[in-house]
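Note that chain A is present in both complexes that follow, paired respectively with chain B and with chain C.
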Partner chain A sequence: MPTAIINNQPLELKPGEQLNCIQAAQRIGYEIPSYCWHPALSVVASCRMCLVEVGDTKPDGTVVMQPKLVPGCQTPVKEGTVVIADSEKVKAAQKATLEYLLLNHPLDCPTCDQAGECFLQDYSYKYGRGYSRLQEPKNIKPDKDHIGENITLFTDRCIMCTRCVRFTREVSGTSELQVVSRGSAEQIDIFPGIPCDNKLAGNVVDLCPVGALCSKDFLYQQRVWWLKTTKSVCPGCSTGCSVDVDQNEDQLYRLTPRSNPMSQGDFMCDEGRFGWKYIHSDQRLTFPARRKNGEVRTRDWDDIIPSLQKALTKAVAKAPEKCAAVFSPWMTVEEAYMLASYLRGLSPKVKLALGPVKTVGEDDTYPKDFYGKPMEPVKFTIRAEKAPNRRGVQMVLNHFAGAATTLGDLAADGAAGKLEAIYLVGGDPTGWLEPQQATGLGKAALVILQDFMPSAISDRADFMLTGGSFAERDGSFVNYKGLAQEIGRAIRGPDGTRPDGRILWDLTGRRGLFNAAAVRKEMAEKIPAFAAFAQGSLSDFGVLLNEHGAPEPHVVVKA
Partner chain B sequence: MAVAKEDVIWIEEPEMGFWEMTFLPAIFDGLKTTIKHVTNYQPVTQQYPEEKPVLPLHYRGVHRLNRDEKGRVKCVACMLCATACPADCISIEASAAPPDWPDRDKFPATFVLDELRCIYCGMCEEACPVDAIELTHIYDLTGETRAELMYDREKLLDVYDKTKDDPRDPLRTRRGKLGPAAEFGSLPTVAPATQVTPGDRSAQSTAPGTIHTYNNPNPFDDPGTAR
Partner chain C sequence: MPSFEPVLLARIAKPNSAKLETYRADGGYEALKKALAMTPVDVTTLVKDSVLRGRGGAGFPAGLKWTFLPKDHPGPIYLCVNADESEPGTFNNRILMELDPHQLIEGIAIACYAIKSEKAYLYLRYEYGRSYRVLDAAIKECYAAGLLGKNILGTGFNLDIVLHRGAAAYICGEETGLIESLEGKRAWPRIKPPFPAIEGLFRKPTIVNNVETLCCVTHILNRGSEWFKSIGVPPDPANPRDLGSYGPKLYCISGHVNKPGCVELPLGVTARELIDEHAGGVWKGRKAKAVVPGGISMGFLSADELDTPLDFNGPGKAGCLGLGTAAVVVVDDQTSMVDVLYNCCRFMSHESCGQCTPCREGTSWMTKILERIRAGHGKMEDLDTLTEVAGSMGIIPGTTICGLSDGAAWPVKNAIKKFRGDFEEYISSGRRSVTSAQELMAGAH
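Moving on, here comes the complex of A and B:
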C-alpha cells in the first residue's frame, strides 16, 4: 500500500486515490488553510494560502525537499511524498500571504454579513500577524448591486480567489461571472447586461470565503452567530439536497447546502434556497378544528384526537371498503407508515392512495452551455418531480398493498356517493387539490384533512389537523435514488399547529412523545424494504435503502 | 482538646469606685455628645429629591444613541451590543443605509432597548465599535407603562440631544468621529512580526502597526470621496 509522510506522520493511500496535500493533511487531522481550492471546482492555486514544503523519497531512501514552497492544492500526494505543513517557513509564508490578502481588505467586520463564518477572520486569527504594515490608503473599489437578482457584490472585500467565476464556468456552465481588469484594478464583474441569475446562482454566495458576494435575501437580516443550525433536507424536488436550516427565535432565515456526496454534492438550487418562504406565510392554517354541519365545535387538540379516533373507528366499522386515505408525497416515511398501519389496523379493506405528485417540465441538468443546452458530465440536477418523498411514501404504500387507487378515482367515488370517510394529507405548499376533486371528496360523510396551508377542502373538513412544514417536523425523506435522509425540527410552528408526526403518534395511540427514530426501528422490523432503518438514526449523509455503505466525502476516485 | 489547667489565666473584673457606682460621670459623658450634636449640627442626610447627588463620572444610567457630525444616528447596526448584552435587552433590525449615506452599508431601521430589562452593566458601550451607544448619568427613570420604557431609536437619540451639553455627560470619545475600531491612528505600537532589514519601510515607521493616510488626512470626515 503506498504511503506518504505528512508532518512526520505516515498516511496510507488507498489504491487509485488522487489526493492533494490539503486532503491528505485532512486525513491526519491537520488543516492546511486555503481559499481558492474547493473540492468541487478546478484547481487554480491562485490564493497561495496553502503553500507547503514538499519533497520526494528517492529509491535509496533519502528525502529530497523542493527548494521552494509549493501550493498544496495542486500538488498530488503519492507514494513517498513528504509534506511538511507546520514548519516555520510555512508559517511565515502563511503570515505573509494573509498580510497581502488583507492589504486592501476593509476592516468592516462589524457591518459585514460574513463575520462569524469568514475564512479571512478565522485564518487571520489562526495564522495571521494581527496588524497591517500598510501605510498607504486602501484601494477601494465600488460595490456592485447589479451582479444578480439575489446576489450583491462588495467589491472591496473580494480576495480574488475566483471560486465564483469557476463555479459559473464549471458547474452552472453559464459563465456570467468573470475577472475584469488586471493588477490592482482587477475585480469580479458580469458581462454587461447579463446578470448572474441562473438557477444555481445562489451557490456563489456560499462559495465566497469572504463577505464579498452576499445574498440579497439574507443581507443584514441576522448576525450569523445568532443562527441555530439544524440538519435537514430540501423538500423542493426529489433530488433531496442535504441542507442546513438556519433559524433564530423560530424565524427561519436561510437554507444553505450541506455537503453530501451521497445526495447532491456541495450545492443546491435557488428554487430550494429561496423557496421556503411559505413557512412564514400568514395564510397558514393555525388552529385545528372539529366541525359539525360546517360549524366549528372545538379547536382543542385534546378533544379533537379522541373524537377523531372514535369517528374513524365508527366509519370503518360501518363500511370499511368505503373508507380511504390519500397520502401526500410531502409526508415523511414515518408519518406514512404510522397512518397506513393505523388505518389497515382498523380494517384491511381501507383504500390507500398516493396523492398527486407535481411534476414541472423536465429534469434540469447542469452544466449548460452558453445557449442553455445541457452538457456532460452532469454535475447538478434540478428534478422535475417537485415533491421530496414520493419514493418513500410509495415504498410504504407498496408494503401495505395500497396505491391501487388515485385521488381522481376517489373524487369520482365521492361524487357518486360511494365514500364514507376520507383521510386527506396535504402538505404541498403550491396546492394539491383541484376544485372539482374537492367537491367530489367533500360529499364523503367524514372528511379528515391534515395540512398546513389552506386548500379547496380545508373549510369543508370535519376534522382539520393543522400540521407543520418540513422545518417543523422530524422524520426522513427518501430521494429519487432511494437515499433516506433525516429532516430535523428546526422551528416551532404557529401556536395551534403540531408536527404531523406528533398528530399521528397520538392518533395511533402510541404513548409518550413522538420519536421518529423509534418509528424507524419499528419499520425496519416490519417492512423488509426499510431494513436499513434498523439503527434508528440515519447518519449525516443518510442511508441508501437499496445498498449499504457510503463513500467518503470529497475523494476523487479514478474511473 | 481540653485546655490544660496551667494554661488558663483567670481575670477578675476591676472593682468599681464610689463615683463609678453612682453612674453620674457616664451620664454626663453621654450628655456631652448629645449637646455637641445640638450646638454643632452637621447632618449627612441628603435631601433627595430637592438636592441631587453628585454621581461619579463612571456612573452608568440611561442609554443614549449618539449622533455623528451630520446629525445622523451614529450606529451602524452591527449588533455587537445586542450580542454582548447579558440581559438580552437590545433588539435591532438592520437595513441597508440610505443611498445618500455613502460612508456606511447599513443602519438601524429599528433599535429598541428595554430599559426595565437592562442591568446597566455597560457592556454595550464597551462592545460598540463606533461609540454610538453610551450610558449617561440619568438615573431617575420613571414611566407609567412598560411600553413607555422600551426606548426606541428616536427616544435614545432624544436622550443624546438632552445630555450632550451636560458637563457630566461628555461624549466619552472624540466628538463627531467614528470610534477607535474604525480609526487606526491609535493602535498600540508593536514591532513587525517578521524580521525586516533596517532599510525596510516598516522598520522606519514611527509606529509600525498604524495606518497613515497621507493623501487624505481625515478619511472619515467625508468618506464619500474615497470611493
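Moving on, here comes the complex of A and C:
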C-alpha cells in the first residue's frame, strides 16, 4: 500500500485516491489552514495560507525537501511524499499571511454576522499575531448591498479568496460575480444591473470564509454562538439536500447545507434555504380537535387519541372496504409505516393511497450558461418533484400493497357516499387538496385529518390532529435515488401540536415515548426493502436503500 | 574588447527599415528559407546548441524550452510572442518592433517551424501604438508576399500570426498571465505545473518567447550557433548552474545619464562601461549612486559594484535578482534612495494582480510605509518592518504564484541593505519629499 509521511506520521493511501496535502493532513487529524481551497471548486492556490514544506522519498530512502514552501492545496500527495505542516518555517509563513489578510480588514467583529464561525478569527487565534504593525489608514471600500436580492457584500471584510467567483462560474455557471480592479484595490463586484440572483446564489454566503458575503435574511438576526444546530434534510424537493437547521429558543433562523457526497454534495438551492418560513406562520393549525356535527367537543390530546382509536375500530368493523387512508409524500417513512401497519392491522381491506405529489416544471440542473442553457457535467439539480419522501412512502405502501387507489378516486367515492372513514395526512405547506376533492372526501362519515397548515378540509375534520413541520419531527426521508436520511427534531412546535410520529406512536398503541430508531428497527425486520434500517440510526450521510433489492417503482402521479 | 558590429540593430538606421522590400534587399528571409530546408528537430537543436537564453528577464534557454513540448502532439501547438514590454526602463523590444519588424516576423516563422506550430500570437503592450501599426503593416506585407499564410515559400509550411493588443497591465508580461489575457480572461498568472509547454494557450502546448529572443533566432539561423557563442561570456566555472551568457544584447540605458538610449553590445559589458562609454556618463558631472541592472524588480547595484558584468550571472553575484531585461537605470548621487524606492514600490503596488495575498497586501503596505516616510513621519523601526515584509513576500524561489512578488520585494531588500544610511539620514533629519496630504494622494496614482 502506498504510504506518505505527514508531520512524521505515516498515512496509507488508498489505490487511485487523489489527495492534496490539506486532505491528507485531515486524515491524520491535522488541520492545514486554508481560505481559497474548497473541495467542490477549482484550485487557485492564491491565499497562500496553506503553505507547507514538501519533499520526496528517493529510491534509496533519502528524503529530498523542496527548498521553497508550496501551497498544500495544489500539491498532490503520492507514494513517498513527505509533508511537514508544523515546522517553524511554515508557522512563520502562516503568521505573515494572516498579518497580510488582516492588514486592511476592518476588524468589526462585534457587528459582523460571521463572528463566531469566522476563519479569520479562528486562524488568527491559532496561527496569527496579536496585533497589526500597520500604522497607516486602512483601505476603505464601499459596501455593496445591491449585489443580490438575498446577499449583501461587506467589501472591506473580503480577503479575495474568490470562492464566490469560482462558485458562480463553476457550479451555478451564471458568472455574475467577478473581481474588479487590481492589487489592494481589488474588489468583488457584479456587472452593473446583473445582480447575483441565481437559484443557488445563497451558497456564496456559506462559501465566504469571512463575513464579506452575508445573507440578507439572516443579517443581524442572531449571534451564531447562540444557535443550536440539528442535522436534518431539506424537504423542498426530492433531491433531499442534507442540511443543518440552526435555531434558538424554538425559533428557526437559518438552514445551511451540510456536506454530503451521498446526497447533493456541498450546496443547496435558495428555494430550500429560504423556503422554511411557513414553519413560523401564524396560519398554522395549533390545536387538535374532536368535532361532532361541526362543533368542537374537545381539544385535549388525552381524549382525542382514545376516541379516535374507538371511532376507527368501529368504522372498519362496519365496512372495511369503505375505509381508506391518504398518505402524504411529506410523511417520514416511520410515520407511513406506523399508520399503514395500524390500519392494515384493523383490517387488510382498508384502502391505502398516496396523496398528491406536486411537480413544478422540470428538473433544474446547474451549471447553466449565461443564457440559462444547462451545461454538462451537472453539479447540482433542483428537482421538479416538490416533496421530500414520495419514494419512501411509496416503498412502505408497496409493502402493504397499497397505492391501488388515488385521492381523486377516493374523492369520487366520497361524493358517491361510498366512504365510511377517511384518514388524510397533509403536510405540504403549499397546499395539497382541491376544493371539489375536499367536498367529496368531506362526505365520508368519519374524516380524520393529520396536518399542520389549514386546507379546504381542515374545518370539516371530525378529528383534527395537529402535527408538525419537518423541523419539529424525528424520522427519515428517502430521496429520489433511494438515500434514506434522518431528519432531526430541531424545535418544538406551537403549543397543542405534536410531532406526527408521536401522534401515530400513541394511536397505534405503542408504549413509552416515540422513538424513530425503534420504528426503523421494526421496519427492518418486517419489510425487506428496509433491511438497511437494522441499526436503527442512519449515519450522517444516510443509507442507500436501492442496494437492498427495492427497485424504483413506476409511479404515475395523479392529483 | 574588440569593436562590436551590431547585429540586431544593424538595420534600424536605414531608410524604410520596416519595409519588406528593404529587408529582403539586406538578405532578409534567407534564414527562413534555410530553416525550411532543415528538419524542425535540426532547427531546435541548432538553437539549443547556441545556448540562446531568453531575453525577457528569466534567462531560460530558449532551445531547451522548445524541447519541453510533448513529442508527437497532434496539435495545435501555439507560439506566443511576449511583446508586453512593461518593466520600467525597458524599451528594446519597441525599437526592434518599430524599426525592424521583419527580423521579428522571420524569427517567429523559424520558431514556429521548429516547434511545429501553425499559429503565433503576438501579444503587444497596449501603449505601443506605433509598434502595432508597423507590425500590422509588416504582417500584411508578408501575407501578400507569401511569407505568411498557407504553403509558405512552397514548402507546405503554414503559419498565421495574430497581432493582439493587451490592455495595459504589467502582469500580462508574465507568461501565464499573458496566456490568460489572450484567452480573454483576467490576467491572473496560472499555478504551475502544468507549464505552458505542456498546457498553455487554450489548454494546448504553448511556447512563450520574448521579441528579442526571436530576433536572435533569425541570426542564429543565418550565422550558426558557433558565431553566436563567439559573442559574450562563457559559463562561470565557479557556478555549475551557469550556462554562459552568449550573444548580443540590447541594453536600455535611462535615468541620470547624458545620453540615454538603447545600445547593442555583447553580453558581459560592465555597468560602468555602459554609463561612461555608451551613455555619455552621469549627467551634470555627478556620480552614480545606484544603478538598476535590469528593470527595477532586479534590485540595485551600488556605486562600488559598477564593475559588475551585466550578463546572466553577474548581477546575481552582486546581490541583485538577475540580469532581467538589461534595462539600466542610473540614479545620481543627489537623489535620495527613499524616493527611488518609493517609486519602485508604487509601481509594483499598482501593478500587482492581486491574486496572492502576500503580493496584494505586501506591495501596498510597503508603499504606504514609504509614503509615510516621505511625508516626514518615518521611524527607524520602519526599516526593519520593510525588510521583514519584503522577506515574507517572497524569496527566490518564491512563495507566490508568479515572480511579481519577488520582484517587488527585491528592490526593497536591496535598497535598505545597500543604502541603509540614506534611509536613516532621511528619517532622522526629518526630511520630506511631499509637503501636504494632497500631494501625497496625488502622487499615489
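One rule holds in what follows: the second predicted complex is superposed on the first by the 547 of 559 C-alpha atoms of A that agree within 3 Å, B and C clash if a C-alpha of one lies under 4 Å from a C-alpha of the other, contacts with A are read in each partner's own complex, and residues count from 1 in each chain.
What we mean here is this: a contact is a pair of C-beta atoms (placed from the backbone, for glycine too) under 8 Å apart; a residue touches a chain by one contact, two chains touch by 3 or more.
No experiment lies behind these values; they were computed from the predicted model shown.
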Would you check which partner chain A:Ala92 touches, where first means chain B only, second means chain C only, and both and neither mean what they say?
-> both
For A:Ala529, decide between first (touching chain B), second (touching chain C), both and neither.
-> neither
Does the superposition put A:Thr111 against chain B (first), chain C (second), both, or neither?
-> first
For A:Glu136, decide between first (touching chain B), second (touching chain C), both and neither.
-> both
Answer with first, second, both or neither: which of chain B and chain C does A:Lys68 touch in the superposed model?
-> second
Mind telling me which of the two, chain B or chain C, contacts the most residues of chain A?
-> C
Where does A:Arg223 make contact in the superposed view: on chain B (first), on chain C (second), on both, or on neither?
-> first
Which of chain B and chain C A:Ile28 touches, first, second, both or neither | neither
Using the superposition on A, tell me which residues of chain A are in contact with chain B and, in the other complex, with chain C.
-> 92, 96, 133-136
Residue positions on chain A within touch of chain B in the complex are 92, 95-96, 108, 110-111, 129-137, 140, 142, 154, 219-221, 223, 225-226
Note: in the complex, chain A contacts chain C through residues 43-49, 51, 67-69, 71, 74, 92-93, 96-97, 100-101, 103-104, 133-136, 139, 159-160, 178-179, 181-186
So, in the complex, the side of chain B touching chain A is made of residues 76-80, 83, 94-96, 104-106, 129-130, 181, 187, 190, 192-194, 201-202, 205, 208-209, 211-216, 219, 226-227
Spell out the residues on chain C that touch chain A in their complex, using ranges where they run on.
-> 169, 186, 188, 191, 349-358, 360-365, 368-369, 371-372, 385, 392, 395, 397-401
